[in-house]
Amino acid sequence: MTKRKAPAESSVEENVYKVFPNDLNSEYTVFGGLVMGLCDRTALIVAERHSGHTCVTAAVDSLNFLSPARAGETLIVKAAVNRSWRSSMEIGVHVAAENSHSGESRHVVSAYLTFVALDERGKPTSVPEVMPRSKTEKRRFEEAQSRRDQRLANRSPG
Amino acid sequence: MTKRKAPAESSVEENVYKVFPNDLNSEYTVFGGLVMGLCDRTALIVAERHSGHTCVTAAVDSLNFLSPARAGETLIVKAAVNRSWRSSMEIGVHVAAENSHSGESRHVVSAYLTFVALDERGKPTSVPEVMPRSKTEKRRFEEAQSRRDQRLANRSPG
Amino acid sequence: MTKRKAPAESSVEENVYKVFPNDLNSEYTVFGGLVMGLCDRTALIVAERHSGHTCVTAAVDSLNFLSPARAGETLIVKAAVNRSWRSSMEIGVHVAAENSHSGESRHVVSAYLTFVALDERGKPTSVPEVMPRSKTEKRRFEEAQSRRDQRLANRSPG
Amino acid sequence: MTKRKAPAESSVEENVYKVFPNDLNSEYTVFGGLVMGLCDRTALIVAERHSGHTCVTAAVDSLNFLSPARAGETLIVKAAVNRSWRSSMEIGVHVAAENSHSGESRHVVSAYLTFVALDERGKPTSVPEVMPRSKTEKRRFEEAQSRRDQRLANRSPG
Amino acid sequence: MTKRKAPAESSVEENVYKVFPNDLNSEYTVFGGLVMGLCDRTALIVAERHSGHTCVTAAVDSLNFLSPARAGETLIVKAAVNRSWRSSMEIGVHVAAENSHSGESRHVVSAYLTFVALDERGKPTSVPEVMPRSKTEKRRFEEAQSRRDQRLANRSPG
Amino acid sequence: MTKRKAPAESSVEENVYKVFPNDLNSEYTVFGGLVMGLCDRTALIVAERHSGHTCVTAAVDSLNFLSPARAGETLIVKAAVNRSWRSSMEIGVHVAAENSHSGESRHVVSAYLTFVALDERGKPTSVPEVMPRSKTEKRRFEEAQSRRDQRLANRSPG
């Protein structure tokens, strides 16, 4: 599968999740692991849409909590593919916490995850190139390569 | 709060949910209760966006399973307000099951839920009128009233 | 399988569920989706007992929240088959919230769900007729047909 | 609260739970911890009904798995108070696995749990005596005292 | 498999679990069923390590709550095999609640569970003998036999 | 709180988690989000032990899946503090998948997470310095600073 695809063909524009009390940690803010799971599940859908294949998470390259989310807020998750390599893709995820009453929202999490596409036998398989169109998409496309170069340089024994 | 709002101001366009094995019933199709919960959580966000208030589910007026969803598929949930009355709103929900590899999807569930908006003391409070714009929105606006009339006529002892 | 069965042969008389904090929505009342799931799971057992077959949820025809349930209360769920047609059955569900300390309880939810019985290949299969005996069972038997007639008349494009 | 109560005044006759794939352990039989939780939640309701107070689990005195339960089966949980002491009660729990299609069931778990009743300040408070009526209730009443005597004799450093 | 193994070869020294709000019962202490599940899951690992086989829970012989655990505390679970018989093993479990800020902890639960080892066809299979070494291990080895003798003597109709 | 503490004073040596079917993704390997949650919960305990304060996740700096984990395996999670700065700490996490029958295990995940310590009013508060002792601890201490420098250099608009 060698065709090129734009990020908009596979992006998730608005995955919503209303925070309930059972999503809270002992500080009564949203449990970090819940947000991580939400980012992973949303990014996975983008990876499968872009590649046309089953995908598995290879890495969370970074995931930053900018602000805590609280009970009663609505998490709004957006995700898009930034760049692909032979069989892997970087997916960028943006999470906002919305007060659905007032409509106000703030950025709470930014994350970059890498997924690998698998063929029917579970082996890595090639994925379409990403064809960035907008200025933002082009910047993300360039930055994804820098992040990847840095990751490869950083591989170190645990 | 008496202003009128269009359905597009509060709709959820694409809530996505990747089906995992732990979402399956003993027939290995998606557990009905999971889909109901997903419809309820998504519709709740629309109700809170439209009303600007905390809302609670008053009724599931109908929820039809047109086709089973399966592991590996992605549920795509869309929800919009159809009509409002003094303190209540009917929210329509449409669920599709997408094969994220091929991009194909099929309609799996249609549901209508009624929510009530509450003020700070937990009492019903008035909500904005719905101002339908498109032809589809206008049809839904009319049908919502018929459904409501029927519901009121049907109230019977359990 | 053509024999007729009375509702009492398949009913669930007292499914109990103690409400815990992780069952609550952001208003600290029981999450609507939890109650829906509880109704679905209980009604499913009735449908399988009546039909002698694997069953799947076809529809929630209505589910009304009469009063919110709260943490610490016990949900008492009763379910019985009201009527059957060729391969489908209407199950009525009644949920009460009990204060287990005082023994007081109040009706919180009424629901009607439709299930379809499936044979080994997953195709709809015929189910026993319902043979109502008590006055209440006879009333429910009649009302179930009216609800079905109305549903069939109401089928409309989403 | 010194009045005496019969076991039938607080018993749970039929708590039902349809086993789903996400309740299974790696051998695809029902996860032991799920059954334990189900016994605990059901017995708790009996303890609160008998005592008229908030109760907490003090001990699982024994819980025996006689046979594994499997996906697709329905767990039928019955629980009743066997005997009470100053502020504690022994609750007996019986779990059967029913094939809801054929109506066959087999006994899968027997358990005895002890609960303590608490007053508003969280201190142990007295509970009604148990007044056994049937022959079975009388046998359970006697056996409960033997189990308690044995437990008190067995208390040993971990 | 006839070789003898010391408890230290299969023990779990420190399984940790941070208590979150969704683990609480309606008294805002840790739900008994959660602790039971945690004991069961930890003991299972010890049983599989000791036997080299798939194991299933046969019984909770006793599980005593000495003190409630609360939100924000960390549960520290230790488990070791006390003694084995032909195809079964008694696993002892000790749970402490740690205040991770101050480092203080207190003993909250003691439990004894019996597991059975299964071969590939799901039939009970023989397990290595336990070779106690320390004084504590020897005491537990002796007490396990007494508990077993008592259990066998106690088997009674539910 | 200015005293220095060695990593061994707060490390978690063996957090165990038996993988069950409901932890699997649609490829029947362990759901990435579950592993992330397990890393987060384990690292949180280390952060609270090291700092003596409530901590919240600030970032997942990297989390690499080296190999998938499967149903029936046991996840063994180890975590230790690598370095601290004014109010933040880097925690390293190592996850292995053990076949508890054979005792074999393989490294499946490496992760670095940053936590911030909070005082009673929820404001960042100072934490003890990390005093590395072993050669490995010293290497991790140095690498943690490099990772931090890189992170600070990389902060870019989403």
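Here the chain labels run A, B, C, D, E and F in written order, and each chain numbers its own residues starting at 1.
In this text, a residue touches a chain if its C-beta (ideal position, glycine included) is under 8 Å from a C-beta of that chain, and two chains touch if they have at least 3 such contacts.
Source: prediction; values computed, not measured.
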{"item": "Set of chains adjacent to subunit B and to subunit E", "value": "A, C, D, F"}
{"item": "Chain at maximum distance from subunit E, centres defined as averaged CA atoms", "value": "B"}
{"item": "Shared interface numbering between subunit E and subunit A [over half = same, under half = different]", "value": "different"}
{"item": "Chain pair equivalent in interface to A-B, over half of contacts matched, among D-F, C-D or A-E", "value": "C-D"}
{"item": "Most distant chain from subunit C by Cα centroid", "value": "F"}
{"item": "Separation of mean Cα positions, subunit F and subunit A [Å, integer]", "value": "21"}
{"item": "Mean-CA-position distance for subunit F and subunit E (Å)", "value": "26"}
{"item": "Subunit A and subunit C: spacing of chain centres that average the CA atoms, whole Å", "value": "40"}
{"item": "For subunit E, residues that touch 2 or more chains besides their own", "value": "18, 21-22, 25-26, 31, 41, 44, 54, 72"}
{"item": "Set of all touching chain pairs, with the criterion as stated earlier", "value": "A-B, A-C, A-E, A-F, B-C, B-D, B-F, C-D, C-E, D-E, D-F, E-F"}
{"item": "Subunit D - residues contacting subunit B, complex", "value": "18-22, 71-72"}
{"item": "List of subunit E residues in touch with subunit F within their complex", "value": "12-18, 41-42, 44-45, 48-49, 51-54, 72, 74, 100-103"}
{"item": "Touch list for subunit C against partner subunit A, complex", "value": "21-26, 28, 31"}
{"item": "Complex contact set, residues of subunit F against subunit A", "value": "25-27, 29, 31-34, 36-38, 40-41, 44, 54, 56-65, 68, 92, 94, 107, 110-111, 118, 122, 143, 147, 150-151, 154, 156, 158"}
